[in-house]
Every structure is written in structure tokens, then in C-alpha cells.
């Protein structure tokens, strides 16, 4: 494979930013954000340069690697710190650095009044570096470093305002639930090494054909667990909603556009594993399908704009996971949806941030309304993102989501119908809840207090929003033009098997659009045409209660894990004190006790001593006698 | 002068003693000079340790810097020193940690019962013994250091600690003595057996052949004597209850040496003595030991989660970590063993960081209860960051040193004992909890009353903690220098055991 | 008469002496019991001397008597001192030292 | 017809003992004729001179090892020489403790609490009989382990015991207790020597000989009536086990250790143990070795019980002297393993152990004499708390001795423990080894507790103080401490010497 010594700069630039901003401390307060933004942009430039280089090579020699140094080498366990840039990673690199840079720019203004802005930018740069390492690592172990690195950055950023206890808890929750996923990745690496003797992508790919299906299934399931944790998929989805505690740009970058999609990356990157493990692959699709509905349902009931968007993210990633679970036919579309989603969801989050910026950080949509007039740019950019996500042609989401639904339906048999049907249903629900967000925020009558002074955000904020909005509009078309993106990625994957088309593409599109129309219509009827309370009504269906409480995800986690865990902890603390240490102390007490009672034999009377001697003499004689006989 | 043939080990053991002797001539009132001499000595020893590492030939297996003089020839006892990669790494860790402890605990001697002179004399004597215990290649000499080093630690805890220091010191000493006496029984056994089957010797290389002549039953019994002593020291569940008490009562610096270095003698002993001398018995007991190790990992983690006192918490995390180390050792794979050795080194530094920063925090707040802290990140950012990074190292975040070792242990164990490795991996989730819970309580959240005016780290404290963090980060990305030292030794030990690493199960053919 | 009877007598005397030490309270009487034990030993020695046909046993007996005399000197000194201090020769009274 | 053979005496070999006896006699003469004021110093001088001269003459004849003397009633062999030397060294440092007049009553005949006693105290009188008494005891002790004849053995036993009975009763303070200790020691000692004598009788009956060699020959030949051998071993053992303080013949030792003047306790605890174990080793190694199947199980049982009992009961003690007494019982158990070992390493180890233990014991009791209040020595452990704060060096030295008793490496106790346990294990006794280490663990418990008291507890303000030691006491403590640590750090010269020298002439 071609080596390229320039890859390291992709990571080194933002890493340098993070480290220097953190080490310099307050000294860098004045210019830290500028440095961070510049470095992120620099990394983007390097990415573009690499892309141009890559485009200039023929298909076979497009992937390039760079070995930095030998990282871990013990016995047959050899892992180099080396980077791999291929068609898949470059897509991510550009998304991460591109969207990342925009969000850096946005944040300069958004965080302008925060005393800790420098620290915020340091974290952002740290995140960019870790995320780039995640997508550039050439082995599972290198990926793991980035994987936990983004987890750390996410933790730091969610808890950026950790002086609020709830935010601190949210960050911890995110990290811990991510760690459960990471555990899956650990298992996967262990299995790979134990069964295949290698942990690099190329090595595993090479050995995959020799491996038993059971091994590959185990490996696949472990990778899936990892993906589920990082991408907030069912059943490890509960942290994402709480993660909205972080500043909004963070939600846009990490919890919408990039980090949460790492699970999709992992599964697509491990295509050779899942291709060799059909059962694991099916499980991937099922998890994706469950989550896309799950997230969508939660989204229908959320009044907090960021949480609604978070639920939507969960659901959209469900689509991607579903796509990744469809095998070679779906990988490219999953990634494509990931990229278009990166644009429109980041854009919408930034839009939400802009709304909050103008509304004194109010997040409750029931306290919004009629903001269209006050923030026209935000309305337009948000609206374009909205059209993209619900899949209205020719906006970006239409292409990517439509292809996913189509591929799902074509997956064959009952599986295809169920998965495709779910995806279709999801499209409808998505349309409903996103329309609800639009209406509640922008078009319904105003419900805010008079002391609110909604206003449009400064240029530094809306320009990134606008750029992302442009992406939401055209990215789908561009990527799908002549199936360009599919062909771009194709060399990395196995050839998809032939599937008969269940329905012609045009019919699928029609169905999807019908679902979308129904969803939009219901939302319009419910929220635009009828009065909306500024406080959440209580006389709602059981289901709404359910959905408001995230379908009881926290309650279930608490009942299944947290409370038993706490019980185990307190029980063990007691056991440690009373049983184990008690036993030790007991032995001590026993020695002291027997000492004290034996001590009583020393009565002080000569006669009893003499008696003791006499008894001893008798015993001694008896003992010698017995032995002699 | 031929550097390779120098008596490096004796030199490094002699220096602290000379420092102690120098301390004896200093007037009691001159505390500053006392500290300066102690610091200069420990720094000098650290330099010697580094030079020694540089002069170590990575590619040669077996002992280097070998010295041997008859000590008690009547019993075949020699003053025999030598290091392989494993011992060298641990000596390096010890000599690096000691000056850091001296700097960080610059004022630790002042809360004690006795003068600073006593404090630093004890530290220096302890340093000599720490080097000796790792450098001995004579079983008897090892035992002498193993037991004798209890005494300075005992006085350090009991004389300079806080709270129930006397009780904790006694508990520590009694536990250790109990184990040590069982080991003495085994050493007597070895002595008698080696006399019976050939020549009276305590030379570890010669004794490595002893297991071929004694009965399996005898081997098992002798093994247990050693192992229990080491398991108490390490400490392995359920022989751990002395550690939280001792760590809570000792000064932070002492705790660093206690958990960072002394307890490593336990795990080091498992490699050097249990595995080498009793390979068959080690195999017999491996299932039991791996089970105990896995229990330790989870148990320590749960108790750390439940701990209310920050020092106890760190102690419990260490129990969990020692579980990993023990598991790695008995996995009998090169990854497991190298990982465990590297883990010992890394744990030394990550625990040092945790304890030292915790010490700084406690010093300021006059309390070690976690709930007394709150919102420190905004009051004392540097201190908070130091604690946070130390915590991340403890939870084995990739990119920090402990990740490499923990992962090697897990991978190494998985190839032979997948179930144990899988259960142990759950420890990493618990690790996230036991670190992030105190981080949240102490560093995050609103600044609680009593914490508003705490001062941030002083220059001295920064100087102490910076190298520790630097090592943690540097070794996370680039552990090769250490692994290059450790690997040949680990490979030797594994092959002596008659083990080879399991081949990949699915590497060829269906 | 069977010469062994002397041995039996000696054993009985020895036992009487030993039991006497345990049951009697007066220091002087206890001391006398010990003397009885010594003399029982002497009787055995002399008897064995007879049985073995060597004189060693009788020599030992003489030594024993001398030693016993010395013991009396020391013993009485101690007993008298105690008696003077306590106005009692009961050994049960002397039990300050215990446990 | 029995012909009288005039005895031949090898004076050179007997000289060490004779010198001590001569010193004792001179001491008696001084008591009789010298003016009261001159007695103390001259007695001390005579005593020390006698002991040093004795040691010198012993060194002079060290090469004539393996010789019998005085018509085979004494055997001067390597082991005997080493044991005698140990006794002399221990005696010399212990005698220095006697020199401190605070230890002894001013007038033994005065009633406790009487005017006479007060007057004698005011006149600053001193009992100086202690010196000749000590020398007599030393002579007895030196004779005891080299005696190869049952008569000599019995005489030696009494010569060493009788002065000790008296010495135990001469305490300056708490005289009632001291007298009680003397009474108890005397009665029980006499009781046990009656058993010893009965043992001699039976052994004589068994072997028709009073020499150890004769008994050995009879045991090997198996000619005698085994019941006599059995009884003989049992009764003889009782006398010896009593002297070494093995359970259940130990009961006197805590009371006597506590009641006796501390300097006497030091001397008695250290030197008597050497003498008694020396004799025991000789008797069992020389005479009974071939009958080991008869006596060894019982002796192992006693050793085990002794170790465990001594260690356990010591935990519960509140008085430092009683604690040390129980500790010495535990050590008697450890030392018995040397007898049980019945091999060369057992002998070597026992001699080393006896010397190391004896020296440390004298040092430890020496420190006990220093801790006082206005009413004399303070032996209540609770009042020792905070000693480390008041007088760090004294406390450190005491801690050092305790660590040696506990067998911590780098002290003589550790080398001793290691060698004696390995000797016992070498002879096949696993039980001794296991029980030995376990009871060492228990024993560590109370040694450490004392260290805690001294160093980690705050002083109680009750007038307890450490007196500035006299020069003599200082010498004792320093020598003991130096020897204790030197033997821990570099025991090779002594071990080599013992190994090449120690043997019993049969």
C-alpha cells in the first residue's frame, strides 16, 4: 500500500491546539479560540489536499498508510501506531473537519460571553483530533484510542457547564454508557487476536475467510455492542438525550454529526466481519430498525427542542445502522446518509442554538412560537434542514433515506418487508415530529413572555448555519449523482449479492413521500391549526406520557442496572467490613480471648502449679508409655 | 571505568544509606537541610537508576548487573544481586517515585510524632530495601528485604499518618508478618529440600530446578507459603482488608510508596518466585488464583464505588488493579506477563498521581471525605485537572499508560482463559464509575461551602506532579522502551514454564 | 523378700510426697513432702545399687543428702522470711503474683 | 573388692569453673571481713574479674575440646565450650545490671515496711551477697551443660538453682512479691528437682551406670528394663523442662520473672536457659538419641503446646515482665525444636539461638530497669505508653529487642529462628515448622503492641520516667543491642565458628 507521511498532520494540528490551549491556560484566553479554529481549518485543508491526491490515483492505489511508530509489541501481539486513509476515512475526515470547522466558527460567537471559552475550544480541538484518530487508525486498537478519546471529549463537553449538578451527572452517564459499548470493542479485539492473531483491519479482513462463522458472529456482535454504545442505539440509547446538557455547538458536532455516527463507521469498516457473519449482520439491521422507531417515537413527545433533535438523531442513526446491517448493498448508503445527516442535523442543531441564543437559553418549544419573524435566517436554514431530514426531494435526506428504504425493502423475503416497512413507518413519524418542531418553534403563535427579546444571531453564527443549509440542500443530489458515492466506496466492500427488486424505486419513493405527507399533515393539524399550550398538557394518552419519559429507558436502566448495582455496592461494603475484615478481626479476637482464658490458669497458688506439674508428669509418662507400647 | 561491570545495584542501595548517615549528623532543628539532603540523595539514586536502565542490554535474557558475595555460607546464602527486565523496570519505578514523593510530601514530616530527620531516614532506608527486594537473586536475601522493609513502612504509617494511624500500622504489619512467616516456612522447606537433593543454596537460578526432584505435594505446599505471602502483599481478595486502612491512615507519600512499590513486591514475587520455583504448582493453582484475581477486580471496583473516603477509594481501585496484574501473571502468556509487568510500572505512577493530588486536596480541605469537596474545578483548576488525568489513567483511558498494560493483560488472558478475561473486562465499566463519581462529587457541581477559597497547586506541587503525568501520557503513546526491556524477561519466564502462547484458533483453514 | 518391693515402697513414698506438695498448705509441711520425695529417690537409688551390684547408687544417695541439707538451709531461710513478713506460713496466702 | 582410685583432675580444663567458684568464695570472704562501705565496689570488681578471667581461660583451652575431665564426670567438648562461653558472656553483661543498687533491697532481713527497713534505706545500705550468689549460680550453670555424670548433673543443677532462689527474693521494691517469688521458685524448683533425682535413680536402675556414656551404651545395647528407661527419661525431662520453662512445667516463670529483681530476672532468664538447654541437648543427644522413638513424640507435643501457649497468653499480659516471661516460654518451645531435631544443625542452631536470645533478653530486661517512677520500676505496660516520645533511644533499643524476639530479619532472632526451624524440619518434623511460624505470628502481635504503646500512644503524665542509665547499664544495653543487630546482619563468623566447633563427645 502507498505510504504517505502527511496523514499525521490531520491529527497533529488539532491535537496541538488542544494541548497548547490546555497547558497555556488563561494566557491563551484572548486568542485561543482563533488558534483552535485555524487548526481545525488547517486540518480540513490537509484533508482536501489528501482528497485531491487520492482522486488523482487509480482505484486500487487510493488507500494510503503511514506508520508512525511501533506502539505495542509483545510476542505475537504487534500493533503499530499507523494511520490508514482510504475512501471511507477521507469521507469522514472531510465531514469531521469540515463540519467541525464550521462549528468552531459558530462557537466563537456562541461562546463569546463564556469565561471558559478557551477551554471549550481546547475540548473541541481534542475532539477533532480523537475523532480523526478514530477514523484514521488502521487497526481496531488504534481505533479504540480514538473511540475512547471522543468519549472523553464528549464527556468533557457535555459537562462543560458541570457546575450544574445535573449536567455533571449527564456527562458521567454518557461516559459510563459509552464504556459499556467500549467493553464490546475490547471483547472484539480480544476475539480477533485470539482467533485470528491480528487486530488490524487488513489483517482481520485477510483472515476472515478462514475463520469459522461462530467466531465471526461473536466478533460481529461485540462490534455491534460497541457501535450501539457509541451511537446511542437501542438498548444503550439513554445517554444521548441527557447529553444535550452540553453547549449546543457540541450537540451539533458530537451528538449529531460526527461522534455518534462512529458506530456506523465501525460497522461499515468491519464489513468483512459482518459479511462473514449473516446472523450478526441481521442483528445489526434489527437494532437499527428498533432504534429508528424508538427514537422517532420519543421525538414525537419531546418539548425540549434539543432533546427532540437528539431523539431524531438517534432515529436517523438507526437508519444508518439499518443500512449498515443490510450488507454490501447498504454500506455506501449508510455512509451517504451519515454525511447528509451530518449537514442537516448539524445545521438544525446550530439553528436550535441560534434560537436559544435569541431566547435567553429557553429550550422549551412550548415557550416558543412565531420566531419566523424574529429570526428569519435561522428559520430558513433550519427549514432547509427540516426539508432535508423528512426527505422531501430534492433535498439531501431524500436521496440518502430513500436509498436506505429501498435497499431495506429489497433485502429479500420477510426480512426485507419488515425492515423496509419499519423504515417507511419511521419516515412518516420523522415527518410528524420534525414538522411539530418547525411549527412549535417558528410558525405557531407566540407563547413567550414579554420580557423575551428574540433576535437574529450574529453573522459569525448564521454563516456556518447557512453553509450547512446549502449542504443540506445539495449534498444528497451531488453524492447520488450517477451513484458517485456508491462507486467511490465500492472498492472497499464485497460485491453485493443479487436481489430481486421487491418494488420499483419509483414506487418506494412514492410510498415514502406518502408517509411523509401523512406525518406532516397530522402535525399541521395538531399543532398549526389548533391551540398549543405553553405548558405541557397532562391529559394526554398513556403513550405520550411514555414517550415523554423516553419510553421509560431511564427507569428500566435504573431498575435493571443502577439499583441492583447500588445494592451490590452497599452490600459489598457491608460484607467487607463485617464478614471479611470481621473474620480477620475475629481471628485476632480469638487469639486475645484464648490468651485471656488461658491466662486464668495462672492462679497464683503454688499448689496449683505443683498440681500442674504433677499432671504434666503423669501425661508425659503416659505419652512415653503409649508410644513405647 | 567499564559501566556494564559496575556494581550498579549495590551502589544504588548504598546511596540512600549514605544519605541516612548524612542525616544523622544534621542538627534536629535544621529541617530544610534535612529535606534537601533527602531530596538530593533520592534524585541521585534516580539518576543512577536511569543510567542503569540505559546500560541494560535489552537483548540479553537472564540477569544482568550480577553481583554475588557469600553472606552466610553455612546456609548457602549469598548476597547475590542481579536484575532481569522485570526487576529493572520495577527498580526504575521505585527510584523515580521516591524523589517525587519527597518533593510532593515536602511538609509531610511535620504532622508526625517525630522529627523530619526520622521521616527522611525511614524513607531512605525504605528506598534501599525497595531496590534490594527487587534486585535479590538469592531467595533468602529477598526474604530479608521483604520482611525488613515492613519496619520503616510501619513507622512511617504509625508515626506520620493521620486518624487511626497506629491501628492501621499494626494491621498492616500483622497481616504482612503473617504472610511473611508462612513464606519463612516455605523458605525453610526450600532450604531443607535443596540440602537433601544436592547442594545447599538459595540461588534462584539453581533452585529453579528444584521442582523436578521434590514431590508434587511438597511443591504445592511450598508454593502456597510463598503465594499467600504475596497475595497478602499484593493484595488479593480476600486478604486485602489491611490496605484501605493503611492507605487511609498513611501520609500520601507513604501511601504512594506502599501501594506503588511495596505492594508490587507481591506481584513481582509471584513472577520471580512462584512461577520460577514452582511451575507445576503454579499450574495446579492457576484456576483458583485467576478466580481470586477476577473477584478482586470486580470486588475492588465495587468497593471503590461505595467508598466515601478518597484515600480508601484509591486503595480499593488498587485492589482492582492488582487483580488485573495477578490475572495477567497467571495467564501464562507473554502478553499477560509483559502486560502485568508494565501494569505494575504504570500503576505505580497512576496511583502516585492519584494519591499525591488527593493528598494536596486533603491538605487544603483538612478532610478526606469526598462529599466535603465540591466544584474544585472552578476553584483550583490545575489541581482538579491533575486529579482528573490521574483518574483517567486509573480507569485506563486509551492514550494513557495504564491502557496499554490493562489491555495487554486482558488480551493475554483472553487467549487462554477467555471467561476470566470477559468477566474482568466488566471491571472497565466499573472503573469508569469509581473514577467519575468522585470526580463529579469533588471537582464538578457547584462550589460547596468550605471550598471557595482553596488555593491551587504551588510551584513545588506542580513540579512533583508534572513528571508523573508526563510519564503517564508518554508511556500511553510510546510504551516500547519499557516493553523492550520487559519482553525478553517475560518470554524467558513463560518458556521456563513450558508454555507457549496459544496460537490463533482460526488463523488457517476452515 | 523381693527386692522390687523396695522400689514399690519408693514409688509410693514419692507419690505421697508429690501429693502432699499439692494438698498441704503449710510451707514447712510442703517442704517436708519434698524431702520425702528426695528420700524416696534415695531409697530407689540404694535399691538399684543393690540390684546392679555397683556402689554408684549409694554414692548418689550421699550426695543427695548433702544437697538436701543445702536445700533446707536455703528453703528455711526463704520460708522464715516469708513468715516474718506475713505472719503466716500458708503458701496459699502468697498469691500476689498471678495471671 | 572395690579399689579406691585416686581422682585425677584436669585443672586446665576445669579452670574456667574453678575461677568462678574461687571468685565466689572470695566474695564470701569479703562479705565476712570487709567493711560494709567497701563491699559493693570490691564485690563487683571481684565478680567481673572472675568472669572475665574465666572467659579468658576458657578461650585458652578452647582447642583442648573433646576431652573428659575429673574422672569422666565432666566432658569438655566443642558444644560445652560454646555453651560455657555463652553463659559467661551473658553473665558478664547481666552482672553489670546487678551493679545498679536500685534493684536490690538494702537489708534482706528487715521486714517490709518496718522501721528497720526505712533506716537501712536511709543509711544507703546494700546487699552485696548478690555477687557471690551470682557467681555460684554461674559456676553451676557452667557445670550443668558439661556434666556427663548424673551426680555431677544433679549437683550442678542445685548449685545453679539455690542461689537463684535467694536472689529472686532480694528486690528493693514490692518486697512481698519478691519474697513470694522466691518461695514459689524454691518450692517448685525443689519439687522438680525431686523428679529429676527420681529420674536419675531410674536411669541408674536401667543402665547400672551414672554416666551419660553408660546410659547410652545401655540404650544401644537394649539390655535393661525398658520401664526404667521410660520412667527415667520422663522424670529427668521434667526436671529439665521445668528449668527451661516448658508447658506445663512453666507456671513458676511468669511469677518469678515478675517478682524477682529485674536484674536477676535478666540473668536468670538468659543464662539459666542456656545452661538448662545445654544440659538437655547433651543428655538427649548423647544418651537418649537411640531411644528417640520413645521420647520424641511427647517432646514434640510439649514443644508445640509451649510455643502456642506462651504466645497466646503473652497477648493477654499487662505487665512487661510477665509478658517477657511468656515470651520466654514461647521461645522455650522454639528451642525445644532444636532438641527434637537431634542432628548437627539442630545443635548448631540451638547454640546460636541460645546465645542470641540470651543477649537480647538481658538487653530487654536491662531496659525494663530504666523505666521508673518514685516507687521503683514501672512494669505496667499501659504506663509505658509514649516512651518513644520521652526517651527515643531507650524505646528504639527496646523495640529492637522485641523485633529480635519476633524474628524480624536483620536481627539475630531471625537467623536463630530460621536455623532452628530448618533443623527441626530437616529431621522431619513438619508440625514444629508450621506451628512455629504460626505461633511466631501470634507472638508478633504482642511485640508489636508494645511498640505501638511506646511509639504511637501519647505519654501518660503519672510520673513515669526513664532514669538516665548508669554507665554499667548503658554498657549492657549497648552491647546487647550491637550483638543483636550484628548477628542479624552478619552472623557468618559466629555461625561458622559454631558449625566447626559444636559437637558432643560421647
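Note that the chains take the letters A, B, C and D in the order they are written out, and that residue 1 is the start of every chain.
Basically, a contact is a pair of C-beta atoms (placed from the backbone, for glycine too) under 8 Å apart; a residue touches a chain by one contact, two chains touch by 3 or more.
None of the values given here were measured: they were computed from a predicted structure.
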item	value
By mean Cα position, the chain sitting nearest the middle	B
C-D compared against A-B, more contacting pairs	A-B
Where chain C and chain D are represented by their mean Cα positions, the distance between them in whole Å	25
Rounded Å distance between chain A and chain B, as computed from the means of their C-alpha atoms	37
Separation of chain A from chain C, taking each centre as the mean of its C-alpha atoms, in whole Å	96
Length of the line joining the C-alpha centres of chain B and chain C, rounded to whole Å	65
Junction residues of chain C - those touching two or more other chains	18, 21, 30, 91, 94-99
Junction residues of chain D, two or more chains touched	183-184, 187, 191, 195, 254-255, 445
Residues of chain B engaged with two or more neighbouring chains	174
Complete list of chain pairs which touch one another	A-B, A-C, A-D, B-D, C-D
In the complex with chain A, residue positions of chain B that touch it	174-175, 238, 240-241, 299, 302-303, 305-307, 333-335, 338-339, 375, 377-378, 381-382, 385, 392, 397-399, 403-404, 407-408, 410-412, 414-415, 418, 421-422, 425-426, 428-429, 431-433, 436-437, 439-440, 443-447, 477-480, 483, 487, 490-491, 501-510
In the complex, chain D residues that touch chain A	183-184, 187-188, 191-192, 195, 226, 230-231, 233-235, 237-238, 242, 247-249, 251-252, 254-255, 293-295, 297-298, 301-302, 309, 312-317, 442, 445
Parts of chain A lying in touch with chain D, wherever the complex brings them together	588, 591-592, 594-596, 598-599, 601-602, 604, 606, 608-610, 612-613, 615-617, 619-621, 623-625, 627-628
Of all residues in chain B, those that touch chain D in their complex	70-75, 113-114, 140, 143-148, 150-151, 155, 158-159, 165-166, 169-170, 173-174, 177-178, 181-182, 184-185, 187-189, 191-192, 195-196
Residues on chain D engaged by chain C in the complex (per definition of touch)	2, 108-109, 111-112, 150-151, 154-155, 158, 162, 165-166, 169, 175-177, 179-184, 186-187, 190-191, 194-195, 197-198, 200-202, 204-205, 208-210, 254-255, 258-259, 322
